[in-house]
Each structure stands twice: as C-alpha cells, then as structure tokens.
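Alright, structures below, take your time with them.
Consider the two complexes below, in which chain A is the common component and chain B and chain C are the respective partners.
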Partner chain A sequence: MAKITFIEHSGERLVVNIPVGWTVMQGAVQNGVEGIEAECGGSCACATCHCYVDEAFVDALPAPSETEEAMLECTAAERLPNSRLSCQLKVSEALDGLVLRLPEAQS
Partner chain B sequence: MFRFDPYSPAIDADPFPFYRTLRDEHPCFWSEEANMWVLSRYDDIVTALNDWETYSSAKGNLMDEMPNRAGNTLGTTDPPRHDRLRGIVQFAFTRKAVEGLVEPVRASANRALDAVQGEKTFDFVNDFSSKVTVDVLFGLFNLPRENERMVRDKAVLMVQSDPRTRQKGPEHLAAFQWMSDYAKSLVELRTREPGDDLITALIQAEVNGEKLAEREVQMTVTTLIMAGIESLSGFLTMFAYNLADHADARRRLAANPALIPDAVEESLRFNTSAQRFRRCLQKDVTLHGQTMRAGDFVCLAYGSGNRDERRFPDADRYDIDRKPKGHLGFGGGVHACLGTAFARLASRVAFEELLKRVPEFERVQEQLPWMPSTTFRSPTRLELAAAWA
Partner chain C sequence: MAAAPGMVVIGAGQGGLQVAESLRAEGWDGPLTLIGEEPQAPYHRPPLSKAMLTGAMDEAQIAIRGHEFFGKHGIELLTGLRVASIDRAARRVALSDGRILPYRGVALATGARGRPLPVPGAELEGVLSLRTLADAQRLRAALEGAERVVVIGGGFIGLEVAAVARKMGREVTVLEAADRLLARSATPFLADVFAGLHRAHGVTVDLGAKVVELEGRDGRVAAVCTADGGRHPADVVVVGIGIIPNAELAAASGIACDGGVVVDDCGRTDDPAIVAVGDCTVRRGAYGVLRLESVQNAVEMGKSAAAALLGRERPFTAAPWFWSDQYDVKLQIVGLSAGHDQIVVRGEPAERRFSAFYFRDGALLAIDSLNRPQDHMLGRKLLDRKAPLTPEQAEDPAFPLASLTR
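Our next item is the complex of A and B:
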C-alpha cells in the first residue's frame, strides 16, 4: 500500500491507500476522486486522468513513455512541467506520501 | 449441492439470489456448467480488472465467444495492442465528441413516441429502446440508412445462446456471420468512399507503422455494432423496468429531470444489462483457499459485485440518491466500456423525453420473457401501460 493525497481543484484533500501494482488512476477511481475522469480506462488514450505531481516527487517517477508524452499534449488544462497521466503511474512503496494536484478540467 | 449454471432460464430471470450464495459461501467457485471459475465479490472483481497481465482478454471476453473475435477486437486483445486500438477509436467516444448527439437523440426519442402516441400500452423494447438505439448509432457511425431493422435483429440474436444445447445455435452463429459480412461491406464501402467517420478512421489508422488487417477492422466494426446496439437498448429497457417498478423514483424524475443522471448510475449498479464477462488466467492464482490454474477461464460477475454489501450498504435496494461510485456497470480497468459517455448521454436524453410525454407507466406482464444469454440480461418484450401527458 502507498498513501497518496489528491488535492481537488476546489482545494479538497483526499488521502487514499492504493495497493502496490495498481495505477494511481485506478486507486483514484475506486475511491471516488472527482477530479479524475479516466474515460479510456487507463489505455493512455484520453488524457482525462491528468494530474500535477508535487515537485518533491517529480524526479522519483519514471519518465513518461512516448505514448504518454503524445497524450500529455492533449490535456484539457494547461500542461506544466510536472504534468503526468495518472493511469501511467504504477504504485510502488517508493510513492508512499505522493501528493497530486488535480486540474480545473479534464475534458 | 450448490450449482451456478449461467445457461439456465432461472439465472436469466433472476441471478441475484444465486449471486448472494456465491458471494457469501463460494467466493471463488468452479461452475461445471460454464466450465470456468466465477468471481462474485466486488473486491475480487476489481483486483482482477486492475491486473490484465494475469486476467487476460485475448482468449475472448464474452462468456460464449464467437468465431474469429479472440485476438482481433478491442474487447479481446491485451495491452499494448489493445491500448493502440483503443487510442484509434477513443477520439470518437469522448464526452466532447458525443455532445453533438443530444439533439439527434432527442429527435429520435420523439419520433419513436409519436408512432405510439396515445396508445394505452406499448412494447418498450420494440417501440422505443431498440428503435432509438439503432437510429442514433447509425448516425454515430455514419452508416447507410438501409437495413436498420435487420441490423438490430441480428445484433440481438448474435449475443444469445441456446438454453438447451448450452452453446450458440445455428441461428446465433448465422446472425454473427451476417453481421461480419455486413461489417465487411461497410469496410469496403468506406475504403472506396472515405468519409469523416469512425470506420474510415479505422481503415486509415496505423498501429506501429502498420495498418490494421482487414479482419481486425471488420471484427472491430462488428463488435462496435453489437456492443452498441445490444448493450444500450438492453440498458434502456432495464432502466424503464426499474422505473415501472419503482413509482416513487419515477415520479421524482418526472418532476425533476436533473435527477435522471443519478438514476442512470443507480440502474447501472442495480441490474446492469451487461452482467458477466470472462478472462483467461495467465498464471496460477490462489484465492479464498482455491487454486485456479493458468489457462482456466474466470467469469467476472459484474452484476454480483454491484450487489455486494461489502461495498454497497443495503445493496438490494434501488435508491436513486445512492450515487454509487465505482460501480461495475461498465466493467473496469483497461477494458472499461468505450461507450460510457455516449451511453450516459443517450440514456439521459431519451428518458427526459419519455418522462415528459409518459410521466406515468406500469408493467403489464407479470412474468417477463428474459433473453437467453450468458453475458447480457434484459427482457425481450416489456409491455408498459402508459398514461400520456
């Protein structure tokens, strides 16, 4: 399990325990995090699971794949240097304590 | 001894008592009749959905699979190939992309209602849900407006199984063959005359610098038509059935249509038309004291996970205020339904129009004729006694 904090655009904070091996998006959807839509179910084909990774964790994450890179160009909210697609982030113990901010709009 | 036979008419009619026994007493159950394991608890199903590497769809996802589908469609491939295919079609199904369908669905619903206006009773399946579904999907896929009726009949037939032989009968396979040939002719048409539509996009798309094989395009089109028609008209029918039986809920929706989306979600949880799908294990898994072997098939009983008290308190109660986050009505994981945005929109708009014109209706038949299917569940006729506004 890793404890992950989602900060909705409204400012509301949700702390969720996600099993190792799941994606961050899967944990968010299971726990009713409003700001993640995930229309494509995690196929890296919709960019509606966009999140901003807390600066302290950016370097701890593996770099985005080519497909994620391409999809990050299609986000509804502005793409920032710390933008990631949460369906491409696999949960490991190393992500315990991760903080993610959610954008104003996903689609 | 407890048995779970997804071919039996008793399960078509009411699977829920069986699901309860499965969840409480046999959470990892080997069904001899289905020749596969059955997972029925919410948490176990979600764990499987989030792990496609173990629970593979590449050997088919329908409880009774059809020839040539395994390995060739969205629902029957695994990542990374699945994700590339999904990337090609997703654009046509995003919330934004389907927004433009609000008025076509509204118009279609009203045409269907015009045709039965003032009738004391009508068959919701024939006169409304299947008509509207086919009409709107033909628009979405930009299909030539011939054969509408035929396409609908074949789509419904191809997902059924013969309750006696416990297999697909000749008529079901013939319907599938008809649909494959129909899809083939559509692909040929769009190869000759490309348009601004999904089939053209599939033909022209490249996955890893390679065009999709003709058979993949054809099977994907077949699946989209089948998945679209059967699931959406089945769901609309189940929604009407729920509102016929829950007059309080229906009256609240008629008075305040803004509540319709919540009622749609609760219906997807309560008795979704897509009840059971299957996966194939890629390695041995031990669960609740049973060892399932690599190569075994596993049924994910979404309809049961949706009634699991461990996740949804008072799960057998239809409660439109519930807002059931994380329900399995559209499945989940990488194979979560492609048509969710479209299905939600179409259900909302169709029922806005229906409830405006027919605010009061009730069920005529005591016993419903349930479709014989191991995967889907909905009645083939739903006669409603209507009080027109």
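Our next item is the complex of A and C:
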C-alpha cells in the first residue's frame, strides 16, 4: 500500500491507500477521486487522467514512455513540466506520501 | 405512495453510467436508477481483451467508479436485473423482479451481444466469445491450458485475442471469411499492415476461410473445418464475428429500430422521453448513418443523451475515434475513411511507426496512427476544426501538424 494524496481542483484533499501494483488512476477512481475521468480505462489512449505531480516527487517517478509523452501534449488543461497521466504511474512503496494536484478539466 | 417519476437508465455499461453521471452533472436531482444485467458495478470493457486476459489486471481494477460513488451521487444501482418491459403510455418500466419504476425519462444503454457462429458444433465446450467480464475470465482460464487456439473472425476483438494468445506462446490461427482482415472497421491498407504484423509474430492468418463446422471430441471442440476442406486442430476456439445490438426491448416498446435503436446526434429516439446510447444504437446525424462500437461513442452519446433528457441540445458531432493494442503496436483511428481517394503516409512504415492520412478531393477524412499517438491527438483537433491540411503537408515530416490546430 502507498498513501497518496489527491488535491481536486476545488481544493478538496483526498488521502487514499492504493495497493502496490495498481495504477494511481485505478486507486483514484475506486476511491472517489472525481477529477480523474480515465475514459479509456488505463490504455493511455484518452489523456483524461492528467495530474500534476508535487515537485518533490517528480524525480522519484520513472520518466514517461514515448506514448505517455505524446498523449501529454494533448491534455485538456495546460501541460506543465510536472504533468503526468495517472494511468501510467504504477504504485510502489516508493510512492508512499505522493501528492498529486488535479487540473480543472480532463476533456 | 408511489415513488416520484425519475430517470431510469437501462444498461450499466460505460454508456449507461455516463448518462447517469451526466444527468447529475447537468443538475437532475430527482430519482435516478441505473439497472444492469451483469452482477458487477459498471466496469471498463477495453481491458477485457488486453490486460485482463494476460492477467496484468484483475477484476477489482477495472471498475469505472468505486462503490461509494453511487450513494454519494444518489444513483440507485441495481445489478443482476433485467427490464421486462417499458409501458410508454403509462411511463413505467417493469423490472424482472416485478418492481415497477415510474419514469420521466428513460435511457437505453443495453449494449450488444456477440453474433453466434451459425455452424454445427458452435455449442461445444472450448468455444468461447468475449464480451463480458465473465467471458474474459473463462477465456483466460481456457488460454492457460491451451496449446492451439483458433480465432474465428479477423476483427479487432479477434486480433487482440490472437495477440494475447500468441504472447502466451500458444499456436494461433486466425480464420477470416472475407478476403481481408478488419473488413467492417478499417481500410484495406490498414488490414494489410495488421495481417503482416500478426504473421510476423507467428500467427497463421487465413483469409477467405469460411468456417463450416466445428468438430468435437467428447463434447469438447477439437478442430475447425473450413469450406475449402481445411481442418484446423484447436483446444480453444474464440468467436469474434461481430455483434448484434440489444434492441429487442426498444423494438418491443414500439421505438423505431433499424439494425439498432435509431437515434439522432443528441441520442434521441422517436419518443421524446426516451434516449439511447452506445453499442445498441444506430445514429442518423451529421456523419450519415453510423453504427459505432467504441468507448468514445458510449461516453459522448451518454453526455448528449443526458442533456437531451433534460431538454437541452448537445449534439455529439466530434470525429469518431477508436484504439486497439496488439503486441507492441498501439493503433489509433480517428475519422471515417469511407470514400477516400488518396492515402499519404507520415512516419516510418517499416518500423510500424506511422500515420496513414486519408483524403477525398484533397480534404482530410481520417487518420490511422500506429505508435504515433501525437498524430492521432492532433488529428482529432484537425478533423473537428476542419483544418485545411493538405496531403503534401501530411506527408512532409517537417510540417508541424500542430500549426493548424492553434
């Protein structure tokens, strides 16, 4: 399990325990985080699970794949240097304490 | 006292859930019931033919929303139930358990079912199809113990299953009755690329192979026989030969159906109180007559139909898009290529990293992208904005597509 904090665009904070091996997106949608849409179900095909990673964790995450990199160019909200697609972030113990901010819009 | 008339969504797949969510987002605060035939809460179907089959994902990971979501938004989720009938005069829906729900509006999101294989032996053990989570679990177990897998039907479902089975090290044959793969859903150009991809991975792809019989041994399938006298031994047979829209409930209620529930771009049927979305529909609108089976179609029609139930106009007119994952190839399609008179390629076909741009009279119709997600996403914008991309620009790797989307 890793404890991950989601900050909705409204400012609401949700702290969620996500099993290792799941994706951050899966843990979010199963636990009532509504700022993530994830239309494609985690196939890296829709760019609607966009999140901003807290600066302290940006370097702790594996770099985006080529596909994620390309899909990030097409997010509804502005892409920032700390933008990621949460369906591509695999949960590990190393992500315990991760803080993610959600954009105003996903689609 | 009878319950106040509410919104009743029939079918708890991606489209039905979207209608329910969008009704709440659009401000509907009355009763809202979401009825599903399967025992599970709404789940993502695309992983069923991909990560669920390989075991990379399990049942708990594919739910679209967590359980508390439904209570939080006042969505009454009824699973394991069917709707027996819709009484349009009295505006009441009758459920299979005898319950009666008065309605103000109904959304039909009944989906589709696999077309059964009309040959002797189709009922043998080991003959499987893939539509539901239960199907995926059965198929996964069957693939574990199989050596030889025959896939009947060279559409997307069949090809995705073939790719998974091949990755599991099974001997795989794809039998397609038409003279090419993906005959209903993609261009001959793309079909050739995918035939090449599967053959390169060691799959036997037989085109023009008409299945006439499945041969059994002790009640289990043993081989697939084709009209040309071919006999393909098999431990598991996967049938993916298209779908039949579940339009019977609509038809029995007197709603216009013609190869699906007939709707417009807002999801409206010919009854103003009833909308329909997703796989069960045939849409007559800006793109002519469309029978789409895709996530986007379920989600976008769900949004449009929810608005329509509340008397608002939100037509779904975006270019259709779709994707498929096979081996290390991510295919993404946007637009409708029918009627194209020119194909130009951008990228490196030899490395299966390219996009094919389809034009008619110099106007862009559609784009197929293999491992070029950026072309695809920009392509969605190009098509939706009717940006004036020329074939010469599409073909020129130095031309920035993004310059036309800003």
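Just so it is clear, the second predicted complex is superposed on the first by the 107 of 107 C-alpha atoms of A that agree within 3 Å, B and C clash if a C-alpha of one lies under 4 Å from a C-alpha of the other, contacts with A are read in each partner's own complex, and residues count from 1 in each chain.
Methods note: a residue touches a chain if its C-beta (ideal position, glycine included) is under 8 Å from a C-beta of that chain, and two chains touch if they have at least 3 such contacts.
As the structure is a prediction and not an experimental result, all values here were calculated from the model.
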Clash or fit, chain B versus chain C on superposed chain A: clash
Contacts of A:Leu95 with chain B and chain C, given as first, second, both or neither: neither
First, second, both or neither for A:Glu73, with chain B first and chain C second: second
Chain B versus chain C as contact partner of A:Ser43, first or second or both or neither: both
Which of chain B and chain C A:Leu61 touches, first, second, both or neither: neither
Contacts of A:Val53 with chain B and chain C, given as first, second, both or neither: neither
Touching partner for A:Trp22 - first (chain B), second (chain C), both, neither: both
Superposed model, chain C segment overlapping chain B, candidates 202-210, 220-228 or 328-336: 328-336
Contact residues of chain A, present in both the chain B and the chain C interface: 22-23, 26, 29-32, 38-46, 67
Complex interface listing, chain A residues touching chain C: 22-23, 26, 29-32, 34, 38-47, 66-67, 70-71, 73-74
Interfacial residue positions of chain B with respect to chain A in the complex: 46, 50-51, 79, 82-83, 86-87, 90, 93-96, 325-326, 332-338, 340-341
Residues on chain A engaged by chain B in the complex (per definition of touch): 21-23, 26, 29-32, 37-46, 48, 67, 107
List of chain C residues in touch with chain A within their complex: 44-47, 50-51, 57, 60-66, 68-69, 72, 295-296, 299, 323, 325, 330, 332, 371-374, 377-378, 380
